[in-house]
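These are the structures in question, set out in turn.
Two complexes come next, and they have one chain in common, chain A, joined by chain B in the first and chain C in the second.
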Partner chain A sequence: MKCLVTGGNVKVLGKAVHSLSRIGDELYLEPLEDGLSLRTVNSSRSAYACFLFAPLFFQQYQAATPGQDLLRCKILMKSFLSVFRSLAMLEKTVEKCCISLNGRSSRLVVQLHCKFGVRKTHNLSFQDCESLQAVFDPASCPHMLRAPARVLGEAVLPFPPALAEVTLGIGRGRRVILRSYHEEEADSTAKAMVTEMCLGEEDFQQLQAQEGVAITFCLKEFRGLLSFAESANLNLSIHFDAPGRPAIFTIKDSLLDGHFVLATLSDTDSHSQDLGSPERHQPVPQLQAHSIPHPDDFANDDIDSYMIAMETTIGNEGSRVLPSISLSPGPQHPESPGLHSEEDEAEPSTVPGTPPPKKVGTGGGGRGRRWGRQQPPELTCSLCSSAHCSSAPSWPLYAPPRAPALCWLKTVRVKAEPRT
Partner chain B sequence: MPLLTQQIQDEDDQDSLVASLDNVRNLSTILKHATCFATKNGIKVTVENAKCVQANTLTALRMCYQGYGYPLRLFLEEGGVVTVCKINTQDPEDTLDFDFCSTNVINKIILQSEGLREAFSELDMMSEVLQITMSLDKPYFRLSTFGNAGSSHLDYPKDSDLMEAFHCNQIQVNRYKISLLKPSTKALVLSCKVSIRTDNRGFLSSQYMIRNEDGQICFVEYYCCPDEEVPESES
Partner chain C sequence: MRFRAKIVDGACLNHFTRISNMIAKLAKTCTLRISPDKLNFILCDKLANGGVSMWCELEQENFFNEFQMEGVSAENNEIYLELTSENLSRALKTAQNARALKIKLTNKHFPCLTVSVEMLSMSSSSRIVTHDIPIKVIPRKLWKDLQEPVVPDPDVSIYLPVLKTMKSVVEKMKNISNHLVIEANLDGELNLKIETELVCVTTHFKDLGNPPLASESTHQDRNMEHMAEVHIDIRKLLQFLAGQQVNPTKALCNIVNNKMVHFDLLHEDVSLQYFIPALS
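Coming up: the complex of A and B.
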C-alpha cells in the first residue's frame, strides 16, 4: 500500500486520527479499493468509529502493489497519533505525507515532507489483524436528524467538559432537546446541575422522529466526531432507534465519510426489555410495544409552560419561585434517592416580590428548573387553564436506570473475518 | 555596551573580581551549583550534571567577589531599582574537563534554531537515546529516536535553507541519553542559531547563540558524552 496526502488534507487526516483516538486504543488501517479505511473500537465494544478516505483524497493512492494481497494492519493509536500530534505544526510545516505499508519489514512507514527540505520518517511497528467490521445499517433506523455540525457543536458547548453522557430527544413542538444525563448514585448530591439545550426544528436540515423518542449516549465519544465535522464544515446525521439500540452518527463529503456507532442506554423500566434478548444486535428494529414511545413521555416537557407557571407563582409562594417537577415516570415512584433535591430543605424566606437566590438550574434568567422529589404544586397555566405538572412530564430516562452497566456491552457486534 | 567590564583590581573594593553587565537575561534555568570562571573574554558559569553534561553561559551581571571566605555579591539593576544578593560560596569541586578542543572536531554544522525547536519538543520521550548521524551523503544530518512504537528519523539536508554551515569530514553516528539532552531545549527555544560539533571520541558540543532584545549576543554551550559504541543502524 502506498498513499500520498498533500496540502490541507494532511491536517484533515490528522484531525481524523485525533477523533478516532477519543474512541479506541488501537487503529485498524485497511487500504481498500474504494479508499483507505481507518477504524477503531473501544475496549468495552460500546463504540465503533470508522473513517473512509476516497482515493481522490490522496494525490496518489495505491491500495496494493499489483500481484499482492491487500495488506491490513493494526497499530497502537498512541503511536499513530504521535505522528500527527501537533495539528498546528502539521498545518505550518508539513507539505506532504506519505504512508506506506511494507509487509517485508513489518513497518508502517509514515513520512512527512516538511518545509526547508526537512523530512520526518516514522517507522511504526504493526500487527496483522482481521478486518474490523461492525454490523449496522443507518437505513434501518426509524429516527433520523441532520444538522450542520456547527449547530450541534454550539448545542453541546454549555455542557461541562467532564460530562459523560447526554440524552437526545424530541420534545413537544418538535424541538430537539439535549440534556445532561447523570446516573443514580447513592450520594448524588454532587451532581447538582443539570443542563439542557433546546433546538428548534428549523435548525435541522432533516428531522424524522416522533415526539417523545429519546436516547442517551456517551457525549465524550460523540464530541470526537463532532469536532472533526465542525472543522471540516460538514453536516452531521444521527440515525437512532429505541433506547438500547446503537445510534449511528455519520458525516460525508465527496472525499471522505465517517461513521461513529455508539451504544445507547437501555430503557430499563417495565415497558422495555430486551437486555438479554439475542435479537438486540439485529439491524432490523423490533416492532414491540416498548419501541413506541408513550404519548406522555417527553411530549409534556414544555419549557414555555414551565416559564408561565413560574411567572404565576411569583408573589404567590414567597420563597419558592420555580415549580418543582416530579421526576417519576408516570405512576411509578422510584425508591432510590434520585436526583438531588435542595428544595427539601426549608428555603430561606425572601423578600416577596424579589426572586430568591437561584440554587439549582441552568441557563440564564428564569429558565432553570428545579429537580426535586416533592409533590408538584398546584399550578394553573394561564393559557390553557389546565393543571400543570400534575402528571409527570416524564421522559423515560429520568427514571433511575436499574442496570445501566449491562446495556453498554456488546451493543455493537464486531464481525471478525478470517484472512483468506 | 560591552558585554561585560572586568576589573581585576578595583581600588575601591579590593575585590578579586568585579564584573558588571548591563542586561540580565534569564538564562539561569540551569544554574544549580555554578562554578564561575573569570576569563579575559568573559565570565563563564559552569554547571554540571552527573559529570557528563556541562553547560556554560556568558551572562551579564555585576558580581563582586572579595576572595576566599567571602560571599559572592550580585548587584542587579533595573529601572533604578537595585537588588543586592549575597550568596555564600562553596569550595569548588573540580569541574570536569571535557577536553573538547576545536582541533579534534570532526564534523560541524550550524543550523537555524527554528528548524529544530518543534522537532525537539516532539521527540519521542519513550526513546532512551537520541542518535545523531552526520554523513557526507544522505541523510547528511539525522536525529533518530527509538521508542516502543518504532523508530523516528528527522533528516536535515545539507542544502536546506536552515543549514547555515555543513562541514562533514567523515560519517559519524553517536547516541546520547535523551534525558541529558532535554535540558538544552530551553536554550534552543531562546536561541536563533545552534552549532553542533562532534569530536573524534563522539563527544557532542552544542552551542546556542542567543540574541537578546538589545542585540547583544550570549552563548550557551552544552557538552555531552556519547552513550555507547556506535551500534548498527536500526530501521
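Coming up: the complex of A and C.
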C-alpha cells in the first residue's frame, strides 16, 4: 500500500487520527479499493469508530502493489498519533505526507515532507493482520436527526468537559433535549449538577423521531467525532433506535466519511413500559438477509446500507448466510445457524447478539458499569415560561438503568497471509 | 420557601457572573443567604476552612429586575442554602450571551437552585439551557453561625496596592515559606515579609494612603510609623488574591495586631469582606 496526502488534507488526516484516539488504543489501518480505512474500537467494545478516505483524498493512492493481496495492519494509536500530534505544526510546516505499508519488513512508514527540505520518517511496527468489522446499519434505525456540526457543538458547550454520559431525546413540541447523565449512587450525599440544553426543531436539517424517545451515550467519545466535524464544517447525522441498541453517528463529504458507533444504556427494566410514551417500543422490522457480499468487496455498499459481512475463521469458504439481527429490545433467540459458531469464540453469553455479563467495576476507560435493576426515576424537564419559547420543553422521560457494555462487535481473524 | 429572580440586563449578568467566579475561587462550598433586599455569599469561621471567613453582600435590586422570595417563615424571612460555588459559576458561564437568566428554588428529586438561561439564537427558535444546582437547606438553628462577622477595631487601616502585583509577589514567596508576616502603618507603608533560616525576603509598598481614622481620640498620639503586624498562612492570602480577577473599586486592609487581617473590598456595588486569622 502506498498513498500520498498533500496540502490541507494532511491536517484533515491528523484531525481524524486525533478523533480516533479518543476512542481506542489501537488503530486498524486497512487500504481498500475504495479508500483508506482507519478504524478503532475501545477496550470494552462499546465504541467503534471508522474513517474512510476516498482515493480522491490522496494525490496518489495505491491500495496494494499489483499481484499482492491487500494488507491490513494494526498499530498502537499512541505511535500513529505521535506523528500527527501537533496539528499546528502539520498545518504550518508539512507539505506532503506519504504512508506506505511494507509487508516484507512489517513496517508502516509515515514520511512527512516538511518545509526547508526537512523530511521526517516514522517507522512504525505493526501487529499481525486482523480485520476489525462492525455490524451496523444506519438505515435500520427508526430515529435520526441531522444538523450542522456547529449546532451540535454549541449544544454540548454548557456541559462540563469531564462529563461522561449524556442523554439525547425528543421532548414536547419536537424540542431536542440533551441532558447530563449521572449514575445514581444510593449513598452519595454529594449530588452532581444536572445540565440540560434544549434546542428547537428548526436548528436541525432533519428530525425523524417521535416525542419521548431518548438514548444515553458517552459524551466524551462523541466529542471526538464532533470536533472533527466542526473543523471540517460538515453535517452530522445521528441514527438511533431503542435504548440499548447502538447509536450511529455519521459524517460525510465527497472525499471522506466517518462513522462512530456508540453503545447506549439499555433499558432492562420491565416497568419501563409504563413510563414514557407507549410508542417507544415499537418492534423494528427484521433486517432482510442480504445477498452474500464478497468479504472484501465494499463496492457493493449502497450509500445507506453498511452491512458488513461477518466472517468466521471456521471453514472460511464460499458463501455464508448473513445473520439477521432483530432490533427489537429484549432477549432475542438466535435465528441464524451461523451465529452459534461465532458465539463459541466470543465470551460466554446467554443470548447471542446481546452483551456478555460484565462484572461490577469492569469496563473500558475506567468507567465502572454494573448490572442492576434500578427503578428509573421519572424526570421532567424544567418548564420555560418565557414568551420567546414556542412550547414548554417538558419532557416526560425516564432515565434507563445502567447496563453492561454492549458487545456487538466481533473482531474476526482472517487467515494470515503466508509471508515470502 | 420560595425564590424566583430574573436578570435581563447584559451588564448585570456579566457582573453577577464575575462575582460568582470570584466566590468559586475563594470558597469551595459556601452559604447563599437570600433576603428581601440582599444576597449574601457566606463562608463562616470553621476549622475546616482554617478559620477563614468571608462575607459578600450585594443589593438584589442592582442586578435583578424581578425578585420574589418567601423565607422560612414570616418572622424569619430569609433563606439559607449551602452549595458548591463552582456549580453556580459554571452555570452562569453559559449565560454569556443570554437574553434572560432566571434563578429559582426548585425540588426536582432533590432540592436545587435552577438556573435557566435563554440564549440568543440565530434561528427563530430559542435555546434554553437549564442547570440544576444541588443545594442543602440550612436549618434555622444554624443561622446564628452565619451572621455578618463583627469587625473589630483595627490597629491599622490602609489601602491595598494593585492586587495583581501583590499576588505575583506572594506567589513567589510561597515557594520559600508558608509563614508570611503582613504589616502596615498609618503612614501608607505596607510590608510583606517571609523568613527562613537561610533567607529573609521583604517587599515594601509605599505611599498607599490610609483611610480617615474612625475615632480621633485614641489614635491622635499614635506613632504614625508604628507597624501593626500579623502572622498568617501564605496560602490563605494567595487564595484570596487569586480570587480577585478584576481590580476592585476600593480595597482596604485592616490589621489587628497579632490577631487577624481583614480585607474589605468593593467591586462596583458588591462588597466583599475576607478575614484571615493569625497563625497560632
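Annotations
We adopt the following convention: the second predicted complex is superposed on the first by the 267 of 420 C-alpha atoms of A that agree within 3 Å, B and C clash if a C-alpha of one lies under 4 Å from a C-alpha of the other, contacts with A are read in each partner's own complex, and residues count from 1 in each chain.
The criterion applied here is as follows: contacts are C-beta pairs under 8 Å (C-beta built on N, C-alpha and C of every residue); 3 or more make two chains touch, one makes a residue touch a chain.
These numbers come from a predicted model, not from an experiment.
Number of chain A residues touched is higher for C, counting chain B against chain C. In the superposition on chain A, A:Leu101 makes contact with neither chain B nor chain C.
Look at A:Val194: by the touch rule set out above, it reaches chain C but stays clear of chain B. Shared-chain residue A:Ser125: touches chain B; no touch with chain C. When the shared chain is aligned, chain B comes close enough to touch A:Ser82, but chain C does not. By the touch criterion stated above, A:Thr93 is placed in contact with chain B alone, chain C being left untouched.
In the superposed model, A:Gly117 makes contact with chain B only, not with chain C.
Look at A:Ala16: by the touch rule set out above, it reaches neither chain B nor chain C. The contact sets of chain A with chain B and with chain C never meet.
Looking at the complex, you find that chain A touches chain C at residues 154-155, 157-158, 160, 190-203, 377, 379-382, 384, 386, 388-390, 393. Within the complex, the chain A residues that touch chain B are 75-76, 78-79, 82, 85-86, 89, 93, 105, 107, 116-125. Contact residues on chain C toward chain A in their complex (touch as defined above): 84, 87, 90-91, 94, 99-100, 106, 108-110, 112, 114, 116, 118, 121, 123-134. Those residues of chain B that touch chain A in the complex are listed here as 115, 118-119, 122, 124, 139, 148-157, 159-162, 235.
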